[in-house]
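Note that chain A is present in both complexes that follow, paired respectively with chain B and with chain C.
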Partner chain A sequence: MTDYIEIQDLSVTFDAKGRKVKAVEGVSLCVDKHKSYGLVGESGSGKSTILRAICGLAPITGGTIKIGGEALPSPRGKSFSARVQMVFQDPYASLHPRHTIDRTLSEPLMIHGIGDTDSRVMKALDDVGLPKSFRFRYPHQLSGGQRQRVAIARALMLQPEILLLDEPTSALDASVQAEVLNLLTRLREERGLTFLMVSHDLAVIDHICDDILVMQHGRAVEELSREDLASARISTVYARSLFDASADRLLG
Partner chain B sequence: MTRMTQWLTDPNPTSRHQARIGQVWLAWIRLRRNPLAITGLTIILILFAMAAFAPLFATQDPTTQDLTQRLLPPGTRGHWLGTDDFGRDIWSRIVHGARITLYIVALVALTAPALGLLIGTVAGYFGGLVDTTLMRITDIFLAFPRLILALALVAVLGPGIFNAVLAIALTAWPPYARVARAETLTVRSSDYIAAVRLQGAGSARIIWGHVMPMCLPSVIIRVTLDMAGVILIAAGLGFLGLGAQPPLPEWGLMISSGRKFLFEQWWVATMPGLAIFIVSLGFNLLGDGLRDVLDPRSAAR
Partner chain C sequence: MSLLEVENLRVTFSTETGPVEAVRGVSFQLGRERLGIVGESGSGKTMTGRAVLRLIRPPGKIQTDRMIFDGQDLSKASERDMRALRGRRIAMVMQDPKYSLNPVMRVGDQLTEGLRQRDRLGAAEARKKALAALEAVQIRDPERVMDAYPHELSGGMGQRVMIAMMLIPEPDLLIADEPTSALDVTVQAEVLSILDGLVRERGMGLIFISHDLRLVARFCDRVLVMYKGRVVEELVARDLMAAQHPYTRGLLNCLPRIGGSRAPLPGLDRTGTWAND
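== the complex of A and B ==
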């Protein structure tokens, strides 16, 4: 099977008042179609920046990103939106506070000129396990887990092939975390989605991902498969320390 | 009534309309808890009623002159606020003047914030050169004292109410642009804007549908607090003879004509002055109350 998402030697440099800040340096990774790929690392290791770079929200200063063998256009354009969508970390910040759930979910349909809004919105709510009566609520009338479900529903409105997940559960309670992770796993199986997921928590990544890239200080440290993780075949010290930190939950 | 409130506070609204009206209802409940804001709202509603039904409230025709009745003190039969130097009933003139005041306030409230909001959000959203250019233009307008700039504009355009409104609107927008830009800067890097951009939305859609609703509350608050200033500038232009022209019963013009008799017949200038004071106070009180209701930072969400 060919590589679906192909990132070669990616570098992202932010310009902070004349000072160059290298957020990502020479990272390469490949994700197969219908697979789930995890990026792990501490805060500031550049893992979220890679997702933002794919979306065109961070300045790429070197390397290439290809999806399905094609280089991405810049600016990304509507055909990209229909293929790649993202779920953000903080469900309290990623939904517009003055738009109803209905507006949030129907906006992508309006942008892309897709009709049949009513039934699509209803179906989207149903797919993520939210009652239909929530349709005209505002985000402040929902809990964190419910909001994240709305964010996932929004990302799926355009029926993308790839879902970028930026720590989708780190802002949620442990019990709600599991629900959202199960929802994501179910949706991936149903729709054949490709996931690129970021987390600082190996336990979360292990639950969902087939392959893992460990990152530190903007560089790739080690690439692991799920089998490596299960049999604790870890070669670098840093990846080992991350593994040890969450080992009790991994094996439990 | 209870079924009505139940419909308004339904946690699961069944239509877009119901959701929006429900939010307005909740805002009204918050506003109702603030007695000062309600006082301000009452004053403004009375002003509206006076303007709408001016012929009913007025006891005389506001422009009929009767030189035998000139400069009568307040409390005279038939002229409870007295008469001015042409024998016109001051109460009737104030009532009819409410129309002119409201006309000015409404026009300025519609035009200046719209212009300021547009310039501020565009500058804040795009940043860079667009931001620098638009904000320097704003700075130039802000650097002039407002009344002087309005004076210069009216001098060029010619006196009259409409030109006065135009002059006030053209001088009133920069603060709104500043407020809107500041709000835009806090909003534009948020995740919900990134999300809608990722869905392929264009700049116009993002600014209009996503950025502006977030800037609107602070601009609305600013407008109500500025309304007192607008009334005063309109009155100032009228006072200087550059706004409304005689015999229109504009409040500033009335003060101006009473100036000559200020020591002997104080009521001629004082009564319209009191009207300006009360209406300005009303707008300020309402503005303060609206800040508590609309400001997303203070409201519990």
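== the complex of A and C ==
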């Protein structure tokens, strides 16, 4: 099987007040189709920047990103967004405050000229476990967990193959986090999605992802499989310190 | 001797649909120790913390039988007395640095404002104290941070700036509302050790509000578990993992574990009698 998402030697450099800030430096990773890949590291380690670079939201200064063997067009265009969608960290900031849920969910359909809006919106709400009565509500009438469900529903409107998840549960309570993680697991199984997920919680990453890349200061530190993590087969000092700081998240 | 005694605290908001009770009869005592308050959002843990400082705006109302801080009844204190206590003797670190720092004021000016107004220090001396406070919370480049605006700082830096600001007047009681939830594990450990040092060395009392049970179990001495405005269980923190109450158990069980199974995580069962009274 060929690699589905293939990132080679990616670098992202921001220009901050004339100073070059290297957010990502020479990171390579491969994700197989239908697999789930996790990025962990402290804030500022460049993990979210990788997701943003895939979407064309960060200035790529080196390296290549291929999906399904093809290089990505720039600007990304409609065929890209039909294939790859992103769920952001903060459900309070990522939904338009003055658009109803209905408008948020039907907008991607309108842009892509897909009809049958009514039944698709209803089905989308149903898929993420929200009652139909939520359709004409505004985001401020919803709780954090409900908003994140809407954000996931929005990302799935175009039936993409890949979901980029940027800390999808870190703004949520433990019980709500469990619900959203269960939802993501179920949707991945049902639709054969490929996940690329960022989180700083090793336990969350371990629950969802098959392979994990530990990052620090914009560089890849160590790649681990789920088995490596469970049996603490970790070779680098930084990944070890991250693992030790999460010791209370271990089973037992 | 306890530093703070709260008996039967109630916080009520009158809304169009009638009064809503955010806190319903919470009682606790605090010595010079680390007390954790955990619960989901909406459980009243933040309101409990704010009520101690009487920082609840109308239409919210605070009622309590007793609320004694160091021999002084806070429920009967005048607004003038409260002003003298806030910041200097009881300080609070708010949850979100994005909303709690003044966005149009340099960090240095915000840090020195209290020193200059309250303590009547000169500019140079205030700056020196502020720099020392930033160093105390492990900020690597304090000079740069002093001249920065809040939006130029990361969440973790902003959080540490707020902690530094609250610690400058050396309060006897610190109420920290989710002080580390915006931080990642490695920075979190640093901030906790700073707070820990203050409790140990200066005998400060700490109320640590969080929704992270595992963190509270590791860091605090005692824990109150809140649900719908009530304390459902009080525990010694190291026994938290062996809690008996169905709500506390439910909160613990819905957390994923490294090396755990991939089976769906159990949801929280809210059908017990405890959930409805």
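Here is the rule we go by: the second predicted complex is superposed on the first by the 251 of 252 C-alpha atoms of A that agree within 3 Å, B and C clash if a C-alpha of one lies under 4 Å from a C-alpha of the other, contacts with A are read in each partner's own complex, and residues count from 1 in each chain.
The rule is simple: a contact is a pair of C-beta atoms (placed from the backbone, for glycine too) under 8 Å apart; a residue touches a chain by one contact, two chains touch by 3 or more.
The structure displayed is predicted, hence computed values, not measured ones.
Of the two partner chains placed around the shared chain by superposition, chain C is the only one that A:242 touches, whereas chain B remains out of contact.
Of the two partner chains, neither chain B nor chain C is touched by A:192. When the two complexes are overlaid on their common chain A, residue A:158 makes contact with chain B while staying clear of chain C.
Legend: residue contacts after superposition of the two complexes on their common chain; A:86 is shown touching chain B, with no touch to chain C.
Contacts of A:179 after superposition: chain C is touched, whereas chain B is not reached. Of the two partner chains placed around the shared chain by superposition, chain C is the only one that A:202 touches, whereas chain B remains out of contact. Using the contact criterion defined above for the overlaid structures, shared-chain residue A:68 touches neither chain B nor chain C, since it reaches no partner. Touching chain A in their complex are the following residues of chain B: 11-16, 18-19, 23, 190-192, 194-201, 205, 209-210, 213-214, 296, 301.
Put simply, chain C touches chain A in their complex at residues 40-41, 154-156, 183-189, 211-215, 217-218, 250-251, 254-260, 262, 264-268. Residues of chain A that touch chain C in their complex: 41-44, 143-144, 173-179, 181-182, 185-186, 200, 202-204, 206-207, 229-231, 241-242, 245-246, 248-252. Taken together, the chain A residues at the contact with chain B in this complex read 55, 57, 76-78, 80-82, 85-86, 88-90, 93-100, 102-103, 107-108, 111-112, 133-134, 136-138, 140-141, 151, 154, 157-158.
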